[in-house]
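The following blocks contain the structures, represented as structure tokens.
Here chain A shows up in two complexes: once beside chain B, once beside chain C.
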Partner chain A sequence: MLTVELTKKWMELFYAQIDQEKAYLSELDTPIGDGDHGNNMKRGVDGVKDSLAKLKDPTLKETLRTIAMALISKVGGASGPLYGTAFLEMAKKCDESQEPAILFAAALEGIKKRGGAKEGDKTMVDVWAPTVKALTDGSFGTEQIKQAVASTKEMIARKGRASYLGERSVGHLDPGAMSSGYLFETFIAAGGVK
Partner chain B sequence: MTKKIGIVIVSHVPEIAAGIPRLLEQVAADVALTFAGGTDAGEVGTSATKIVTAFEQNEAAELLAFYDLGSAKMNLELAIEMSDKKVHLYDTALLEGAYTAATLLQADVPLTEIEKQLAPLKIK
Partner chain C sequence: MKKIINSPQDVVPEMVDGLVRSYPEYLKQIPETEAVVRSDQASMKGKVGLVSGGGSGHEPTHAGFVGKGMLSAAVCGQVFTSPTPDQIYAAIKAVNQGKGVFLVIKNYSGDVMNFEMARDMAEMDGIAVKEIIVDDDIAVENSLYTQGKRGVAGTVLMHKLLGAAADQGASLDELETLAKKALPHISTIAVALSAATVPEVGKPGFELADDEIEYGVGIHSEPGYRREKIKPSKELVAELLSKIDEVQHLDATHQYALLINGMGATPLMEQYIFSHDVLNKLAEKNITPVFTKVGNYMTSIDMAGISLTIFELAEQKWLEYLNYPVATVAW
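Coming up: the complex of A and B.
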């Protein structure tokens, strides 16, 4: 069950992870992008931290919406509207269910709609899609997430900046897949799934 | 007199977003042109909030929007969801698409005809 408490803890851990891996994320974005993914995400989580701190007794919906708006307005790169849409869709869904599998599935649909990427296009979708599936069949976990991130290495990019490189994108991990991996790993670390 | 339909330019770079309207003005003196370039901090990127502002600053109630790269499109779509204006989004080459639309709007060509001329310029 996703709660306000859990979401806050999750965002704290995600913040710490992004802060720690900022240089690495930008490094991943260098051969197949414009080298800014770490900086983009750092701006995003800074915004999330600031705006969550301003909330007083928020509902889960307000909390998720606030995260979404911070990411939309602060990130700057493609990952901003994508992560923003993901949290916006969770906010829309959370009255109906607080089940992670259901919320993340709604988020995934939002990401796919916003960016038009399918599985195998070498984007964050390649972490979100198998992870949503794993949440349903019980195989969700750190190992499963790491595998999903690693699977992007051999893919040919078909969406986003890396797609301009075509086959030359093979052999590199997708930066957005890696940051999505952090998002799910910190969800586990926050106690999101027992 | 200002035309009923305006144009909005969205680019990752503030100077590109500001520069294209300068070129369009030459052929479309009566078309309302606004733009959004860069992030809120003025860095390279796009911002849905800046795009909403560009929609609102545009005198026209109906807008044709042109953008440079894929992530600008995502923020444009988010901005469209946040705004009350009627916005049409085109996947054409940014400069050629916007220039074509500006020229035709100035000549009072109807939108359906404009869209026919934009179709072959679609590249994304």
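Coming up: the complex of A and C.
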């Protein structure tokens, strides 16, 4: 069950992870993008941290919506709307259910709709889709997430800036898949799934 | 990295502030944003607003084209990173005169997503919004397997065309029709001598040897279609023009506008030599462009290189739009 407390803990850990891996994310973005994914995500988590600190006794919906708006207004590029949409869809869904499997599934639909990427296009969807599935069949876990991130290495990019490289994108991890991996790993570390 | 900056994270706010304060006769900053609007508010009265924007690093695009007869507002994102929907929305609101707002978006996944989220926000507030997604870079094929063609220097011609039409009272629907009609007639292709260095990254987006060039590179160091040894200007022109010819089938019975665009680190001296060769090559086909611009319009920070845009003026009105007087920093 996703709660306000869990979400806050999760965002603290996500912040720490992005802060620590900022240079690595930008490095992954250099051969197949424009080398700024770490900086962009850092601006986003800074925004999340500041906005959450201002909330007084928020509901889960307010918490998720605040995260969404911070990401949308701070990250920019393609990652801002995609991560922002993910949290906005969770905010819309959370009155109905607080089950991570259901919330993440709603988020995934939002990401697919916003960005138009399918599984296999070498994007964050390649982490979100198998992870949502793993949450339903019980295989969800750090190993499963790492595998999903790693699977993007051999894919040919078909969306976003990396798509211009075509086959030259093979052999590189997708930076958005990596940051999504961090998002799910920190969800586990925050106690998200027992 | 050697740049005249204070710190990489302050590049955009300091640049916008410097630009606006240097040219208060043209530009005003929307408070709490990196969006700029026309200072000449009276010139927007009763007209459709025209808003563009994108990542910074392409100066004078887009803010340099804000002013009477051209853009109503421009939104400056982080370097090579699309601006966010809240900022784009602030620009839409600032220029809305009740006649609707038209967006000029370059075809990058981030730009399209952020502008469309801003459009959704504006529509929820009852502001009519329409858009054109510019994709004039013919170096990449339109394909289901990529983002599609990119928006590059031809976007500036789109600003000019739509700005003139909007200033003469064109409606939102008329602007959409004009944009859709003109877009397929605008083709751009570039050659790079060296890559751009994003301040927050600190090193060039790709490496080219001292004697190497790359054809078809994008304005954010996206890869091109071929690398080879540097050649004389006339041979570079022959290559680029042949690519445009494949798409446009250049023909002396048609009228053409020409935009030769420096990518940031290429001196005007070299741009004029390139122009000399383009005009000679076109003359071989008995073509004399009826409109020409040479200079830095859509740069890529400090990339060395040049792009060639050919716009077939399928309608006489389009030439009038290109010649229509404007009051901007950079046209």
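Here, the second predicted complex is superposed on the first by the 194 of 194 C-alpha atoms of A that agree within 3 Å, B and C clash if a C-alpha of one lies under 4 Å from a C-alpha of the other, contacts with A are read in each partner's own complex, and residues count from 1 in each chain.
Operating definition for what follows: a contact is a pair of C-beta atoms (placed from the backbone, for glycine too) under 8 Å apart; a residue touches a chain by one contact, two chains touch by 3 or more.
This is a predicted model, so every value here is computed, not measured.
Aligning the two structures on chain A places chain B and chain C in clashing positions. In the superposition on chain A, A:Ile72 makes contact with both chain B and chain C.
Greater residue coverage of chain A by touch, when chain B is weighed against chain C, goes to C.
In the superposition on chain A, no contact is made by A:Gly191 with either chain B or chain C. Of the two partner chains placed around the shared chain by superposition, chain C is the only one that A:Gly166 touches, whereas chain B remains out of contact.
When both complexes are overlaid on chain A, the residue A:Arg114 reaches chain B and chain C alike.
In the superposition on chain A, contact is made by A:Gly80 with both chain B and chain C.
One listed stretch of chain C collides with chain B once both complexes sit on chain A; from 76-84, 202-210 or 220-228, that stretch is 76-84.
Comparing the two interfaces of chain A, the one with chain B and the one with chain C have residues 34, 36, 40, 43, 72-78, 80-82, 84, 114-115, 159-161 in common. Interface residues of chain B, counted against chain A in their complex, comprise 39-41, 43-49, 69-71, 74-75, 77-78. Chain A contributes residues 26, 30, 34-36, 39-40, 43, 72-82, 84, 114-115, 156, 158-161, 163-166, 168 to its touches with chain C in the complex.
Listed in rising order, the residues of chain C touching chain A in the complex are 55, 77-87, 108-110, 113-114, 117, 140, 144-147, 150, 198, 200-201, 205, 218, 220-223.
Chain A meets chain B in the complex at residues 34, 36, 40, 43, 72-78, 80-82, 84-85, 114-115, 159-161.
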